[in-house]
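We just call them A, B, C and D in the order they show up, numbering each chain from 1.
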Amino acid sequence: MALGYSVHAFGRLFSRMYTSGASSDLVGFIGLGNMGLPMARNLMAKGHRLVVYDTVKTQVDAAVSDGAIAATGPSEVAKQATTICTMLPASQHVRDVYTSPGGIFSAVQSGSLLIDCSTIDRDSAIEMSELAKENNTQYIDAPVSGGVGAATNGLLTFMLGGPDDCYERAKPLLEKMGKNVFHCGENGAGQATKICNNMLLAIEMIGTSEVLLMAQNLGLDPKLCSKVINASSGRSWSCDTYNPCPGVMENVPSSRNYEGGFGTGLMRKDLTLAQAAAVGSKSVTPLGAMALHIYNLMCQHGFEKKDFSSVYKFLEQEN
Amino acid sequence: MALGYSVHAFGRLFSRMYTSGASSDLVGFIGLGNMGLPMARNLMAKGHRLVVYDTVKTQVDAAVSDGAIAATGPSEVAKQATTICTMLPASQHVRDVYTSPGGIFSAVQSGSLLIDCSTIDRDSAIEMSELAKENNTQYIDAPVSGGVGAATNGLLTFMLGGPDDCYERAKPLLEKMGKNVFHCGENGAGQATKICNNMLLAIEMIGTSEVLLMAQNLGLDPKLCSKVINASSGRSWSCDTYNPCPGVMENVPSSRNYEGGFGTGLMRKDLTLAQAAAVGSKSVTPLGAMALHIYNLMCQHGFEKKDFSSVYKFLEQEN
Amino acid sequence: MALGYSVHAFGRLFSRMYTSGASSDLVGFIGLGNMGLPMARNLMAKGHRLVVYDTVKTQVDAAVSDGAIAATGPSEVAKQATTICTMLPASQHVRDVYTSPGGIFSAVQSGSLLIDCSTIDRDSAIEMSELAKENNTQYIDAPVSGGVGAATNGLLTFMLGGPDDCYERAKPLLEKMGKNVFHCGENGAGQATKICNNMLLAIEMIGTSEVLLMAQNLGLDPKLCSKVINASSGRSWSCDTYNPCPGVMENVPSSRNYEGGFGTGLMRKDLTLAQAAAVGSKSVTPLGAMALHIYNLMCQHGFEKKDFSSVYKFLEQEN
Amino acid sequence: MALGYSVHAFGRLFSRMYTSGASSDLVGFIGLGNMGLPMARNLMAKGHRLVVYDTVKTQVDAAVSDGAIAATGPSEVAKQATTICTMLPASQHVRDVYTSPGGIFSAVQSGSLLIDCSTIDRDSAIEMSELAKENNTQYIDAPVSGGVGAATNGLLTFMLGGPDDCYERAKPLLEKMGKNVFHCGENGAGQATKICNNMLLAIEMIGTSEVLLMAQNLGLDPKLCSKVINASSGRSWSCDTYNPCPGVMENVPSSRNYEGGFGTGLMRKDLTLAQAAAVGSKSVTPLGAMALHIYNLMCQHGFEKKDFSSVYKFLEQEN
């Protein structure tokens, strides 16, 4: 273990030597799940020293084995780092990590930058940003688009909500984990943009699945039909990049029994956030509402862990 | 009139002189509406001599002034041409033009090729193909994607349903009117593919409209939100090429009060065909069904003549 | 067989002795399934002599054991009876029984009354009525509302489509099998009324299920909530007579694991007919369309044989 | 003013003389709109002395002319009465009347009973009940079913949420304004039950409208079709008591151009509350969601002030 640590320390030294633009300051990272861990690894691979925390010890150990320093809780992270990323499952976890007695705000250093990459409701994001101001810190909501693969390969898209200077400050760090960093507006705008994109994605994925199933019922070949659609006005990412019909494309979840990818349960979560926002803002979203209920039904009928493109399977007729 | 004819004859002679690959045989063209007339003009511009018919005399006159020969009815066209294109509003017109006493089948020459570019129900297309066989002729369904602009500029997409030899025979002619000619399968497959694409298009256009309206209700800029979506998994033709929100893109119907483009009434027609096919084939299409009823409501509330992207306007909240 | 016949003849003699108003003529009955057999039994119990046919021999045997005469096919029935009831699963069976070489029309006696109690599409019903006219007979569409229980207890509701004299002629016979005989209009009107009622029923059953599930998620008691609804503007047959929530009412399918009653597969069939009619008649039916797709999904996920009120179960959240 | 008071005092004396069971204590009533004023009048007609407040002076004057005492604000009502009814448009008004500096809680007497008849979100109702407890008072949510007519004729249905003793204490007063007083559960249960009923009502009204329109498109008489449905499994309050098709019933909004009744805008408000509750409680409500969006669209297309049964008109095809 001591040896292992030396090796890692050496690794960090080495990476600092050959990586230009890397900060000598510690960066905090809280939330080392399926998404958070590969994101943290990309930061380390690009020269950052990380102080990390997660409630699951094995995840922390994995980060430490790559060079991270383990902290005993969010407040310990805040004491050591002035730039902190959080990547957590849902709103209540974010509230907990930021506002609980042992949370970030209990020990945060003045002038710190807090970057929340979690997908949570817009109101909570705005509330966190206001609490950050009261603590003389900056908060930016920075939810991501792209799944575990994109997180691993540093190809995430970040959608940022916060003041201009905050965006400028966060951008260089986020670019080490993603290919696109969009500034979408004031605090909350990152979360709002994220649910807009994902609601549309769900609608398009369901629509594509309906159409490719109907195509086959009408005697068409789904691969050929997809090809025509991709060259026509029905074209979308769901059809040309992530086709839900098994056999049309390789290397997508539909061709490996809908394993991996972006889970149906996570899509349900995003659609729930989207409909809460739609109802609250009096937006007329008949297809968005239907999308939520279709994903609700999928979760209730055994599809929760499958990729969200398995809606194709859910809608498919038995023989 | 005689003089006019001579001028046209000269024009045709002239075009034959400078156009390589043009057939010396007459091509028939029945149905010279908003789509049919520019399609016919493209054939003539690329060297084909046309014998044409339409029930509206001014449309026939327009074609004649460009060099076409006017016929007195479908049977007259069939007597003079062994390749005939039809471009008609709906199934009943196709049945009428092909099967009525003065229709194509009453005078068609053995071995003729009949290319129906109309969008009609798949069953009618299959029925026409069977009647064609009984008359020792070939029939191919060849509905188009793309509006008046694409027809004018020869940029249509053709979706063909029929036997291989029929496809090979039709392709060179259709390439003079369009950029893509897809062979989708047996007779009826062209029509089936067309409604698959258009049903998906309607779903995506409604979804895009819902999302861009909600985005604004949540304080986002629709242009910026579209930009993020276009770089993310919500990307589609409806958002990146034909954006329904006024001001996001130039030169699309949404930026000219939804004038021109592909009419809401026509989308309703296609969605009606799609749902008839879905119900008949026991396909599960919740969003496709909802799309039909939204376009039905639009037609009932003053949007029939507007471009189909005006669903954005239909869903928009009053201030 | 001869002996059996004598016994049956005695039974018929006996029944004629104690039953007033019974016709001495044979009545034909074709289709002795779950609905047809108890309907035929009611006719016999009220004094009618029946000549019957079904493709399933055990069903014919059951009717014969109650006094019916077995025929070898529809044409044999038509030769012996001038009033014939048919109760068949779907349109194609009706077409077959009426129009095939050994069908009713091949041997029907002039002036016969043909009463089709099957639920089929309106167009087929109208077509059968026209063929009947050509054969100098009368046809009336008479689909029923009410399940196996109502059929057994003579409590069906008949919805009739046909001319006035035909209605008057059919009514006394149908009243022996049901409590209500409605004359809904010309031929096809019976079928049209049936799908109108059943489409509304499906919508109300889904709506009631959604509401009683949401009620419980909000901490309400479903029995008490149903009681309030039944005294308020949300009242409907689905809530006050056939409540889909287990435990609210006794003696309904929801209280016996959704066994018995009116099957989900049959509701899907009726909703398919309804949507074909809606699309064909350009009717705007967003909830009717959604109802079809929900029942489609139920059939695809194991609910086909359950009572149609099991939509409650299909929508229910797992714990 | 002094004179006026004497007259009112005389009126109260007089009413106490002829009304048995009337309390000699003042009852507070805040919110004298279309619903509140007739409710207050029923209390006065049945012997109660009222101290009232509304922001609209003419409404207060109307109550005063019937014998009520005008207060200058909610806190003044709370100083004079220990039983207070509130009947307000929406959640924010309730919060304001109860919690603002001049609100009820600023001056409420210990042991008072606060009965909120407004339709508001369940969470706000629960929050008010908790604030009430902190102020040593009792709060019960008591939203009503039934429109202006039921309020005027004392035929409302009350749905109560609160502790048993609170229900027992409120019941005698509410029975003077309504025919049914249901105890639905703890605080919030009244509001929850109300939105359950109204969500179901909306679904049934839309479904009935779809069906009666389709019926006519299929050649049926809507009055006859309604009669059959009312005797069958499609029966509901929307069809047998409040039929949305003009001409089927007398004395309902559909027969007077959808004037009066329960406004489309109010139904939208209730459906918005229902969907917020559905999304928040993870309830699967596809038809409830669709109902919200249909009523949203109606409000956006000129139906906001019409009775909610005008969805029939909204869905109707133009000729």
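In the analysis below, contacts are C-beta pairs under 8 Å (C-beta built on N, C-alpha and C of every residue); 3 or more make two chains touch, one makes a residue touch a chain.
Since the model is a prediction, treat every value here as computed from it, not as a measurement.
Number of steps on the shortest path from chain B to chain C, with steps defined by chain touch: 1. Taking only C-alpha atoms, you rotate chain A by 180 degrees to land it on chain D; that is to the nearest 5. Measuring from the averaged C-alpha position of chain A to that of chain D gives a distance of 44 Å.
Mean C-alpha position of chain C lies 42 Å from that of chain D.
Centre-to-centre separation of chain A and chain C, using mean CA positions: 54 Å. Among the residues of chain C, those in touch with two or more other chains are 282, 284-286, 290, 296-297, 300, 315, 317. In terms of inter-chain touching, the protein chains here all touch one another pairwise. Contact residues of chain D toward chain C in the complex are 122, 145-146, 157, 159, 180, 182, 184-186, 188-189, 192-193, 196-201, 203-204, 206-208, 210-215, 217-221, 224-225, 227-229, 231-239, 241-242, 274, 277-278, 281-288, 290-291, 294, 315, 317.
Here chain D touches chain B in the complex through residues 290, 296-297, 299-301, 314-318, going by the rule given at the top. Those residues of chain B that touch chain C in the shared complex are 272, 275-276, 279-280, 282, 284-286, 289-290, 292-293, 296-297, 300.
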